[in-house]
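Same chain, two partners: subunit A is paired with subunit B first, then with subunit C.
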Partner chain A sequence: MRKLVAVYAAEMKFAVANQMQYRWAAFFQLIGFLIEPVVYLVVWRTVAESGGPIGGYGVAEFTSYYIVWTLVRNMNLALAPGSWDYWIQSGRISNDLMHPVPIFHRQLAAFAGFKFVWIFLWFPVAAGLSLIFKPDLSPTLLQGLVFFVAIWLGYLIRFSLLFLMGLVSFWTTRAQALIEIVIGAELLLSGRLVPLAVMPDWVERLAGWLPFQWTFQYPIEVLIGQLDTEEIFVGLGTQFLWGGILIGAIVVTWRSAIKRYTAVGS
Partner chain B sequence: MPTIDVRGLRKVFKVPVRETGLRNSFRSLFHREHRMVEAVKGVDFSLEPGEIVGFLGPNGAGKTTTLKMLSGLLYPDGGEALVLGFRPERREAEFLRRVALIMGNRNSLQWDLPVADSLELRRAIYEVDRSDFEKRKDAYVELLDVGELVTKPVRNLSLGERMKVEILASLLPHPQVLFLDEPTIGLDITMQKRIREFVAAYAADTGASVLLTSHYMADVTALAERVIVIHQGNILFDGDLAGLSDRFTAHKTIAVAVSGELGSLESMGRVVEQDTFKAVLEVARDEVAAVAARLLAENAVIDLSIEDPPIEDVIEKAFAIGDAQEAERAEETQQ
Partner chain C sequence: MNGFRLAAMHWKVGAMNEVQYRVNFFLQLVDSAIRLGTGLIAIWLVFSHTEDLAGWSRHELLAVMGIHILLSGINRTFVEPNVFQFIYTIGEGEFDYVLARPVDSQLMVSVRNLRFWQLVDVIVGGVVIVWAVIGIVEDTSWVEVLAFLVAVFCGAIILYCMWMVVAAAAFKWIRVDDTVQLLNGLFQAGRWPVTIYPGWLRLTLTFVVPLAFAITVPAESLASRLTGGMLALTLIVTAIMLLITRVAWQHGVRNYSGASA
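Here is the complex of A and B:
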């Protein structure tokens, strides 16, 4: 375990160095990411201002929700599953397969490392957004602590889900169509587009059976005070459960996937 | 105990087949056809600790597929391989820590960062002790003459420079088995020589076993005393490099230079080239002694040398024989 921690530390350090190499590209990428929540924020604030609160969300709640959204989005960014197509087709993955540490750990650590740079760059942008929109955020110590754990668990769940989808590329090198469906479902059912409380009941019920909301909405709602203590701990337990299910699925799928690798192109 | 022990190793690839044209394209929506290609047809061989073996074959012969099965990249479809006592297809961490697969013209280092950063990461991944790492790094940097390169980003290195640092990075964890797949491809003569010398020094120093594929015969003759020739998935030859000529060529080359005028040599063998004072003859192996004696007796010989044909010619001959054998086998199967 100590050795694995050393590998994680080295990979994260390496990822930070890599991101710093292109700090301006990272900064502009971040600005690009922020366009999405700012659009949602402006639209939903306008709706709430004219029509009153929807599903428990008024102007203040929407504002807090989308400001925290920007941090959560940075935290749960993970590898693009479409990259696997290229890695497999080009044979680039052969290099990584020859290392004694599984690709899952190396990629998980690398993307965790990237976050330190992204969050460093996010601070001034978040400060700017807060000055403009003035969110009402006053989390308790418990909410703050759980939020810290929840955003990392959310990252683990989203990373594992995307990794699992990437493994489909061992069966077909045109996995992109499937990936698009999952990403579309995530947009609707995670709370990324809009809090699930604003959606119809059946959508909320459907989302309850899927992992998406535990990567987006749950950590946000913890910090903005939308959940009571019981809901906070049930949510945390559900995150652990989804993490376990997805990692288990990866272990099983990987065993078959790796047997199908033809290492062509390398 | 052999470092590598291969028994009946097989690999079959399922390859999609489709005729050209829109009609066939539409038909393939409902019915896909495949062909099974047996890339490696049950090969057997073994390598002892410290042995450097050349693994030769034309393109598509099955050499890289075999190397990839032995390094754990490809899952075999039959037979068994043991490398350092491990089954490669199980891809255990301890196995991967002790083998290295180096492919020419391939980049495994981080493109944007200085080489030293990638080396440091590798140290952590392979759990190399800090002091061992520093000692090895210093020694290899000097041997490969890459002192100035390790602080440069990989993207700023030439192909040859990149290959040198790739090899340096791969050998830092001290693998006991090296699979080298065309390690000098695309490199100039000086760079090829430097890499050959480094690999030879590494193997001598650590006792590592090396299985090397290369289309440059200079790599093979400089490093390997033993060669395995694979052709269309079958092993054609496994033995000393010197024995390769005996097995596949029935002749030797005699070069002779005289002070007087050379007479007709037609009766002694095939005349490859001849002018007034010198000639090159291709002579059947069992007649070499007699022909040499005749040349010495009948001419005022200044110089006479007897050589095996160039290794490239021997290999070409071996592949041609392999083709003929394969055609025979196919014919027998059809009957």
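Here is the complex of A and C:
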């Protein structure tokens, strides 16, 4: 365990140094990402201004939701499942398999390291957005602490989900269609497009059976005060549950996936 | 060889290359269907809670979305693959080979590549536009149709210019692919009419990144709101963008010192 912690620390340190090298590129990429919530924010503020609150969300709640969204989005960025296609086709994965530390740990640690730089760059942008849109945020200590844990668990869940999807590339090199479908479902069922309270009831019930909302909506709602104490802790428990399920699924899938791999390339 | 023949030849070869991979057509269909579906759901959600969005009706927003999909298809078919290839070429020091050819380098760089299956988005965008027009008016005049076609053509040119200006920055900064991603992010803002955005963003999307002229203006022509003055302004903006692109390109080529030697 101590060795693994050291590996994580080293990979994260390397990831920070790597991102700092290309900090302007990372900053531009960040701005590109942040256009999406600003668009949603403007649209739903306009709707709430003309039609009144929807599912407990008025102008102030929508504003807070999408400002916190920007941080959560940064936190749950993870390895794109399409990367596996390239790794397998180019044979690059052979090198990774020789490494004594499993790919899962190295990538999880690397993306965790990237986040320190992304969040550092996110602060001025978030300050600008807050000055313009003036969110009404006053979280309690409990909400703040749970939010901190929830965004890391959200990252773990989303990373694991995308990792699992990436493993499909061991069976087919045309996994992109499946990936697109899952990402589309995530957009609608995670609270990324709009809080699930705005969706029809059946969509909200369907989302309850899937992992997506625990990576997006749940951490946001914890911080903006949309959940009571019981809902906060049930949500935290559900995040642990989904994290466990997905990691278990990765362990099982990895064992059969790796048996299918025959080295390509050098 | 004139420019049109050169472009047509490259596109023909590009299309022949792409049609070898027929599965990509179905992948593109899935991709387009998902993006269309999520766009329609977003509009449906908005209009299940309000009658109009800052003066835009459901079908007018559908027109904006259709134009966005159509222009996105044109961009992803003809412009983006060439921009990314150019950035790669600069990074690898292979741009010298482009300069060595007896044709204009900007033309050469702009037509080398084509992603044929992305044309699915052009068709999908066209269908959405027709659907929107049927819902907006029962009788559209030829003048409005002509104004729309001119505005969409200008929109496609403006988008080409925006991407090429960013690409030309590669002459100086080399790694500008992340800036292209920023442009892609900004382009997403064009899915909604720029008039719904707050002043600072509206100004940015009108004068810095002129998506207002590229997407909202054609949609206004379908909603019978486009004035002759605005269409003339769109033509002027298009001409200015072409000029800026040409100047940026020539400046880049003049200062390019080669990397492969």
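Criterion: the second predicted complex is superposed on the first by the 266 of 266 C-alpha atoms of A that agree within 3 Å, B and C clash if a C-alpha of one lies under 4 Å from a C-alpha of the other, contacts with A are read in each partner's own complex, and residues count from 1 in each chain.
Everything that follows uses one rule, which is that a contact is a pair of C-beta atoms (placed from the backbone, for glycine too) under 8 Å apart; a residue touches a chain by one contact, two chains touch by 3 or more.
Remember, predicted model here, so these are calculated numbers, not experimental data.
Colleague: Once the two structures are overlaid on subunit A, check if subunit B and subunit C clash or fit side by side.
Modeller: fit
Colleague: Answer with first, second, both or neither: which of subunit B and subunit C does A:11 touch in the superposed model?
Modeller: In the superposed model, A:11 contacts subunit B only, not subunit C.
Colleague: One more residue to check, A:3. First (subunit B), second (subunit C), both or neither?
Modeller: After superposing on A, A:3 lies in contact with subunit B but is clear of subunit C.
Colleague: Between subunit B (first) and subunit C (second), which, if any, makes contact with A:210: first, second, both or neither?
Modeller: A:210 sits against neither subunit B nor subunit C.
Colleague: Quick one: classify A:100 as touching subunit B (first), subunit C (second), both or neither.
Modeller: first
Colleague: With the two complexes superposed on chain A, say which partner A:22 touches: subunit B (first), subunit C (second), both, or neither.
Modeller: The answer is both, since A:22 touches subunit B and subunit C.
Colleague: Report, please, how wide the angle is at the C-alpha centre of subunit A between subunit B and subunit C, in steps of 10 degrees.
Modeller: It is 90 degrees after superposition, to the nearest 10.
Colleague: Considering only touches as defined above, state whether A:60 meets subunit B (first), subunit C (second), both or neither.
Modeller: A:60: touches no partner chain.
Colleague: May I ask you to decide whether A:249 touches subunit B, subunit C, both, or neither, giving the answer as first, second, both or neither?
Modeller: Neither partner.
Colleague: A:258 contacts which: subunit B (first), subunit C (second), both, neither?
Modeller: first
Colleague: Of subunit B and subunit C, which one contacts the greater number of residues in subunit A?
Modeller: C
Colleague: Please provide the least distance in Å between a C-alpha atom of subunit B and a C-alpha atom of subunit C in the combined superposition.
Modeller: Shortest inter-chain C-alpha distance (subunit B to subunit C): 9 Å.
Colleague: Please write out, lowest number first, the residues of subunit A touched by both subunit B and subunit C across the two complexes.
Modeller: Overlap of subunit B and subunit C footprints on subunit A: residues 22.
Colleague: Under the touch definition given earlier, write down the residues of subunit A that touch subunit B in their complex.
Modeller: Per the stated touch rule, the residues are 3, 6-7, 9-11, 14, 17-18, 21-22, 94-95, 97-101, 106, 258-263, 266.
Colleague: Enumerate the contact residues on subunit B facing subunit A in the complex.
Modeller: Within the complex, subunit B touches subunit A at residues 13, 68, 71-75, 89, 91, 93-94, 96-97, 99-101, 103, 106-108, 110, 112-113, 117, 120-121, 123-127, 153.
Colleague: Where on subunit A is subunit C touching in the complex?
Modeller: Counting only subunit A, the residues touching subunit C are 22, 25-26, 28-29, 31-36, 38-39, 42-43, 46-47, 50-51, 54, 132, 174, 176-177, 180-181, 183-184, 187-188, 193-194, 198-199.
Colleague: Quick check: in the complex, which residue numbers of subunit C touch subunit A?
Modeller: 23, 26-27, 30-31, 34-35, 37-38, 41-42, 45-46, 49-54, 175, 177-179, 181-186, 188-189, 191-192, 196-198, 200-201
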